[in-house]
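You will see two complexes here that share chain A, one where it goes with chain B and one where it goes with chain C.
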Partner chain A sequence: MGSEKRFTVTKGSMILISVLILGFVASAPHITSYYVTSLMCMIFFYIGLVQGLNVLTGFTGYVNFGYAGWVGLGSYATMIFLNKLNMHWLPAFFLSGLFTMMVGIVIGYPLLRLRGIYFTIAAFTFAEGIRFLVSSELLSPLTHGGEGVSVNNPDLSLTGQYYVGLAVALIAIGVVYKVSTSRLGLRLLAIKGEELPTQCLGINTTMHKIVAFAISSFFAGTVGGLMAVYTFFITPEASFSVEITLQTILMLNLGGGGTVLGPVFAAIFLTLVAELLWSKFVFLHTGILGIVLVLVILFLPQGIVPWLQDRRLLPFSRKL
Partner chain B sequence: MLAHSPSRDFETSRKTKELSMEMILDPILRGIAVGVLYALVSSGFALILGVMKIINLVQGEFLMLGGYITFYLALFFDVNPILSLPIVFVLIFLFGILTEQVIDPVASKESAGVLLTFGLAAFIRNLALIGFTANFRIIPYLVDPFTILGVSLPQYTILNFAIATFSMATLFIFLKTTSWGKAIRAISQNVNLAQVCGIEARKIRLLSYGLGAALSGIGGTLLIISRNVNPQMGPGYLGIMFAVVILGGLGDIVGACVGGIIIGLITAFGEFFFSSTVALAIVYLLVPLMLLVRPRGLFNRGEL
Partner chain C sequence: MDPLPLLTVENVTKSFGGLRALSHCSLNVGEREIVGLIGPNGAGKTTLVNVITGVLKCDEGRIDFKGEEITGWPPHKIARKGVVRTFQIPKAYPRMTLWENLLVASSDEKISDTARELLEFSGLANLKDEMAGILSYGQLKFLYIIRALLVNPCLMMLDEPTAGLNAKEKSNMMDFVHHLNDKLQMAFLIIEHDMGVIEKHCLRVNVLHYGEKIAEGSFEEIRKEKKVREAYFGEETRHHG
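Right after this comes the complex of A and B.
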């Protein structure tokens, strides 16, 4: 043990690196190109999305395959707030988050008391159903049906979107940190481990799952709204795309569900990889993401951070 | 109504007519015709769900591949779609066994199994998009109309009905009478007890996964005659399978047959009164509602 030379980082260099990264992130829209800024925007959106999914799926193990449905609902809610009600962007994002949160609670209340398999099925079909409802002629006065609708830009330039995205990402990370170090997080992890014994300890697991789902839905809706402004033209096909769910679930599983930092690094890494794939192999893009998910599930089922923890490369701490 | 295309006018005039007996019979017959197809496709899904306890998200892709095998057999070797059915059955059965090898290590873990099939389905779908192109494929076969109870339907509906009923009856007899079928039912009821009785769970999982895949493959052949087949069709039909299985009760194959016909009727009536988009929205949103009021299925026999 003693003969082994450990890789150590001095405190001074740590602080220097942190300051450099923070300085870059804080000033990126002013010092880098439009392309880099929009790519970093996408990273922030995905950090928000994956941390939202983390609160439910990562901690409790209830997989939400309809996550894109909540994102799409957030996009359309924001579009309605901006286009039809001429709202300011801040309440628009916040209210669409609250709206999807309400939807999550209403849907989660009956479904989260059943086994995970039912929740998976119902979340998927609910998201698909909402997609068809949005593109149907019944709601077309509000949603303009299947051909899509452009979103009024609420005086929010790319730089503005960048900082809003950064704020949402930081809040999401903060919330997950708070959850993971709190009693709620411990109980949610207990649900993932063994649900029945958790109930036997007198914990109302359904209530805890609904709270987790509400937080999860809130972030999906807010980020969905941001994405609607970012792309400025939304269609049911793109807003409710299975690809959003696939990418988010892949990020969560690669980083490690129930950890704070794993999904963040996975989101940064995979957004960059997805961008690279998108520019190099447009046609194989989804397929590669799919096969990576298969490999991650087979060979890295816990995710990166728990894998490193098992090898003593990272300390065992729920704060990670 | 905002847009006034000629077809829209025709539809509205059709709807405003008084609802005579034939008017109601039309969606009923169409609903049953498409419902048996849904039932056939979903019985494979229900079989895999019952035995392996995983939600097999690759099922929609088996459907698609079955359709494409028929298409290419007809294109290159001029094979009649009916004659291609056994070939589709065997090929998709083998492909299912191959797929099962990938899924088996995580089959005991519910959420990992779902995630794995999710990734696998995306992969297969993407390869199909590259290999088969995004074109919608259809084989015109027996399209001449015939009249039954005053409703005119294409002849292939009879074919679909016959093949779907035959396949499901065969499956049912297989499960009820043969020793293999009994082993499948035993495994789906209680794995541990079945293994104690000397049933090899691994073999049964392979068999039932292959069978479930092949049943959906046959469904794909019927779909390319009656509707169309394209690489992105998987998730849509998967949603219908979910609805059928939840309606019939999880792991209940007879329930899946009845559920299929009910979902077929709902889509037909939804299309008759509104549009196909609204019909699908109704079907999908029915699932959470169904789980709310009757989570164990229509017959209350599904497992919780």
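Right after this comes the complex of A and C.
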């Protein structure tokens, strides 16, 4: 009886907490300060980014160290759609995602034939190459070179950005859930496990990786566009910053690649920690994040969620 | 009557830098045949299987399967054509259940009745919802084969299927191979170091040494070959006095 009662109370409180969280998330821009709304926007952006990276890196094990390249491309594509083509924000974000997705497919085809550290180096070099191109005089009529450019306000207030960010984060979580419960997800995980035997089972691993890269690039580009509007002003240095890559990889590793909820918790936790560090140690926060990354890799190589699953503190379920 | 040719390998050569791993190797496997491939360590057996399955590209030569040239095809295309293989060291996909391991290879969302039967046959059926990481070495070898069967192959190449297994497990494994041979009419190319297994189960045996095929025939025939004895035991030297 006692245990039944405890279970009922626990279930009840879980529902209550969930309702409170959902209520808070749904109404935050109207009941909290501008600062808290901004911070929550960043959390949503990072959930979108980390889930995008999750589809490629978390599932297949291919570490995209040039992820910021795709985010930066999305930022600049959105700027061009808004500033030069006077588009509405909705198609601008969507087309930025499609544009980076196309770049991901075209670049992914040769890039994903590389494995391990070679892929990582090539992806990083590609991102640096794009940054260099965006900064160059050649593209300066479009990109304004290294001096940066203001992004036209697309008539999207911070509250609007908040809800668009929330929608993108929820879609990203939904897509990762769909992938993780599909045969595509299993095959991507199989590629991470052992790629050659997977090929010998008749699976075209290159095509599977390209699909993962395309999904990953779409979210990088869409969120890159959102971040461009959020910051008003973009520069190649900031939009293609390795810090974006570092932080996203850190979140993925901390939460657990290939899981649905791990990256979400890690994105919330680390965005808040990064904000705290940035405000307290403005010159040291990147270094501190780097140390946290090293510690996570050393002590939680699989991430928190798989660590809890291995100890049966969280259920291991993948309903197929 | 000789079985119809399923796989034909002609004059295949493969070098790694200055090392010639395979030199003008030829062999064939007929429908429903169980063929052995033996040779001392470093003879080129696994390299030959790698070349046949598209894992490595050969420098010269030609490979045909079911009457179609498959030389240079990528591994996934060769597997879909009907040639599958296992690797020496079996590894399951780590964070998946045994059932999910099978679903990876399945061509549709279901696991075929044959695979279910084979799970029963191999004693793995009651473990299907367990994480594959808990399986023993022998169980992993069975899982490896059942997973490959979901590709609907005509020919399976087994790289040391009984290595690391005890006598009972070896016997089960070879019973399993014969079960598949009879029931699914599947052909096998078996790389093995255990001569007892080769003698008992392979009607025809190919012997490789330093990348060259030095003998082919029944086990009785090849054991009498001087070249084969030299490959395994070294050249005969006589001591006088």
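Throughout what follows, the second predicted complex is superposed on the first by the 308 of 320 C-alpha atoms of A that agree within 3 Å, B and C clash if a C-alpha of one lies under 4 Å from a C-alpha of the other, contacts with A are read in each partner's own complex, and residues count from 1 in each chain.
By our rule, contacts are C-beta pairs under 8 Å (C-beta built on N, C-alpha and C of every residue); 3 or more make two chains touch, one makes a residue touch a chain.
Quick caveat: nothing in here was measured; it's all calculated off a predicted structure.
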Request  = Answer with first, second, both or neither: which of chain B and chain C does A:291 touch in the superposed model?
outcome  = first
Inquiry  = Once chain A of both complexes is superposed, is A:137 in touch with chain B (first), chain C (second), both, or neither?
reply    = first
Key: Touching partner for A:246 - first (chain B), second (chain C), both, neither   = first
Of chain C and chain B, partner touching more chain A residues = B
Note = Per the touch rule above, chain B residues touching chain A in the complex are 2, 53, 55, 102, 105-106, 109-112, 114-116, 118-127, 129-130, 235-236, 238-239, 242-243, 245-246, 250, 274-275, 277-278, 280-285, 287-288, 291-292, 295, 304
Request  = Give every residue of chain A touching chain B within the complex, in rising order.
outcome  = 61-63, 65, 107, 110-111, 114-118, 120-122, 124-126, 128-130, 132-133, 135-138, 140, 146, 242, 246, 249-250, 253, 283-294, 297-298, 301
Note = chain A partner, complex, touching residues on chain C are 53, 55, 74-76, 79-80, 84-85, 87, 91-96, 100, 103-107, 109, 131, 147-148, 150-151
Note = Contacts from chain A onto chain C in the complex sit at residues 183, 186-187, 189-190, 193-194, 196-205, 258, 306, 316, 318, 320
